[in-house]
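You will see chain A twice below: alongside chain B first, and alongside chain C after that.
Then we have the complex of A and B:
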């Protein structure tokens, strides 16, 4: 069967059994579980160092109540990082290219930050809708604008991640197809295209890591405002 | 019973100490194939055996189109080259960093141990010094005793001096009183005698004595004139 360029984004199925769960849980198998020993091997040491670093960076701006979010934010970061990076390998399926999954991650978490803010400190939460020092005639318009920006946050979070990864994967496919197709006709252009593909791959690796980081960072920022 | 003690199988099964894990993992060639595979094939096929097997397999997959060359191949080549470049360039640095983290952990514990040892050694030296000081205890007590005896002696002598001074003061007072009394009596007597003498000089006697004095003076003046 001939594949179109969008078939890499279909949810994987084997004999009618959806494999999405395996593809979501598989990256966790690649990470070493913390052993019960004092001096671990290099991989475990690096993993625990990295997790310490991420948790510290995420939790530094938050107050004590925000530290309850440490586990979910760090595990979300690791999850997205692993999924994004593994998706760069050939013939792999990246779950974060599915809008449904990203919205399922972004909307509940954003809503949780919003409800925490509204429930515990409603005036401060609503106060964020008006930046300091605005001239009085502008206030109604600004409130509307800020409310819109607030309500669009989950959409932005989910769509940002989806769009970045989908675009990246599509670009890789297109340029590699171009490079293969040009090989019999103009090998020189084919080599040029392969160079572009190399650079693009580097970019995609960076984008994969950055997008995961940005997702979690924005969530922690929304949390800072509300907790 | 053993199973209920670890429902999630997170720890070891027996409570006996496990043998330590090997320091390094197994040897690997080309990052994928363990060395044991090459050793396994060596007796029958020699050194080039595994390579021939690999090449044959690859060509078989390619020729029979079991592995299809499509756009993903090029993408795979790119991502693999990026990955291998990263590993080759930064692999040893990352390994050294991980080793350094472990080293620091061990060094901290060793520091604790060494600090404890040093503290105890200092305590031992101080204890020995105290024991040496104990030997000199008798000298110390003698000196202290002498000191106290001197203090007592000094105090006693001071008090003795004070007593002497007080007694002398009182005796001096008595002597002064007596002297004063005698002086007063003397003065009084002299005054009384003078008074009586002055009273006893009758006017007659006074005139006679004054005339006598004048005669004497005249005689004396005459003698003087004669002498000159």
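Then we have the complex of A and C:
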């Protein structure tokens, strides 16, 4: 019974084209490029407002060199947000439930921040491995701990996104199955379960947005340390 | 006007096979057709002065239907 619930995470093929390809390309349709008008349509206006908000938020703590990362961080944020939210519609496929995709996003970007730091300011980057004011006997242990925490960052980034979204989708499927199964026998419990399902869906919408934000925020934090 | 220059909505049902034969099915032709279809949808429903949620909702509903169709073999078990 449990195995069949994981079927929603396999990308079905039709005519040899997996659905993941369409789910990756579809958000591009929902984000039109603004044409050079004084007043654009409501969708473009909303989109520009949102992009300005996100870019300002992300770029405020970064110094001037960090502003080179504006495009990739903002587009990453928009991409993840769109994909997560679209995955909540019925029958759609969420690419970010696949660990491979999230690791493919997290690992190169984290490595880029690390290499930027190591190349431009190696002593400062290495200095982050030892917090200020540690007592001298603790230094070796702390360096090991900090190195481990540094190396585990890409894994944490990828797995955090995957686990949150997968768990959410699974929960929705489980609870909806339960409420439908209970409907003929105990309608009251079925109504209770449906209420839980509604609340859960709201939570999922929030989680979808938050997870995208957290991913990009952490990346920008790693960037701040290193640039 | 002549059959090869008419748009899909202006072609009568009986003339459909002949009209299809005049279409350009090369990759550039298909991409151009796709681009044209998207821009006509966009200009008609989204790129308007007082657009509402309807334009995007139709798009999202179409996306759901498409995903359903893609999943059909898998679900019908």
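Definition applied: the second predicted complex is superposed on the first by the 223 of 227 C-alpha atoms of A that agree within 3 Å, B and C clash if a C-alpha of one lies under 4 Å from a C-alpha of the other, contacts with A are read in each partner's own complex, and residues count from 1 in each chain.
One rule holds in what follows: a residue touches a chain if its C-beta (ideal position, glycine included) is under 8 Å from a C-beta of that chain, and two chains touch if they have at least 3 such contacts.
Since this is a predicted model, take the numbers as computed values, not measurements.
In the superposed model, A:26 lies in contact with chain C only, and not with chain B. Of the two partner chains placed by the overlay, neither chain B nor chain C lies in contact with A:57. Of the two partner chains placed around the shared chain by superposition, chain B and chain C are both touched by A:42.
Using the contact criterion defined above for the overlaid structures, shared-chain residue A:7 touches chain C, although it does not reach chain B. In the superposed model, A:88 makes contact with chain B only, not with chain C. Of the two partners chain B and chain C, more chain A residues are in touch with B. On chain A, the surface touched by chain B in one complex and the surface touched by chain C in the other have residues 41-43, 89-91 in common. Against chain B, in their complex, chain A makes its touches with residues 36, 38-43, 45-46, 49, 88-91, 172-173, 176-177, 179-180, 194, 197-198, 200-202, 205. Those residues of chain A that touch chain C in the shared complex are 7, 10, 12, 14, 19, 22-23, 26, 29-30, 32, 41-43, 86, 89-93. Residues 38, 42, 46-52, 55-56, 59-60, 63-64, 66-71, 73-74 of chain C touch chain A in their complex. Against chain A, the residues of chain B that register as touching in their complex are 10-12, 21, 69-76, 78-79, 81-82, 94-95, 97-99, 101-102, 105-106.
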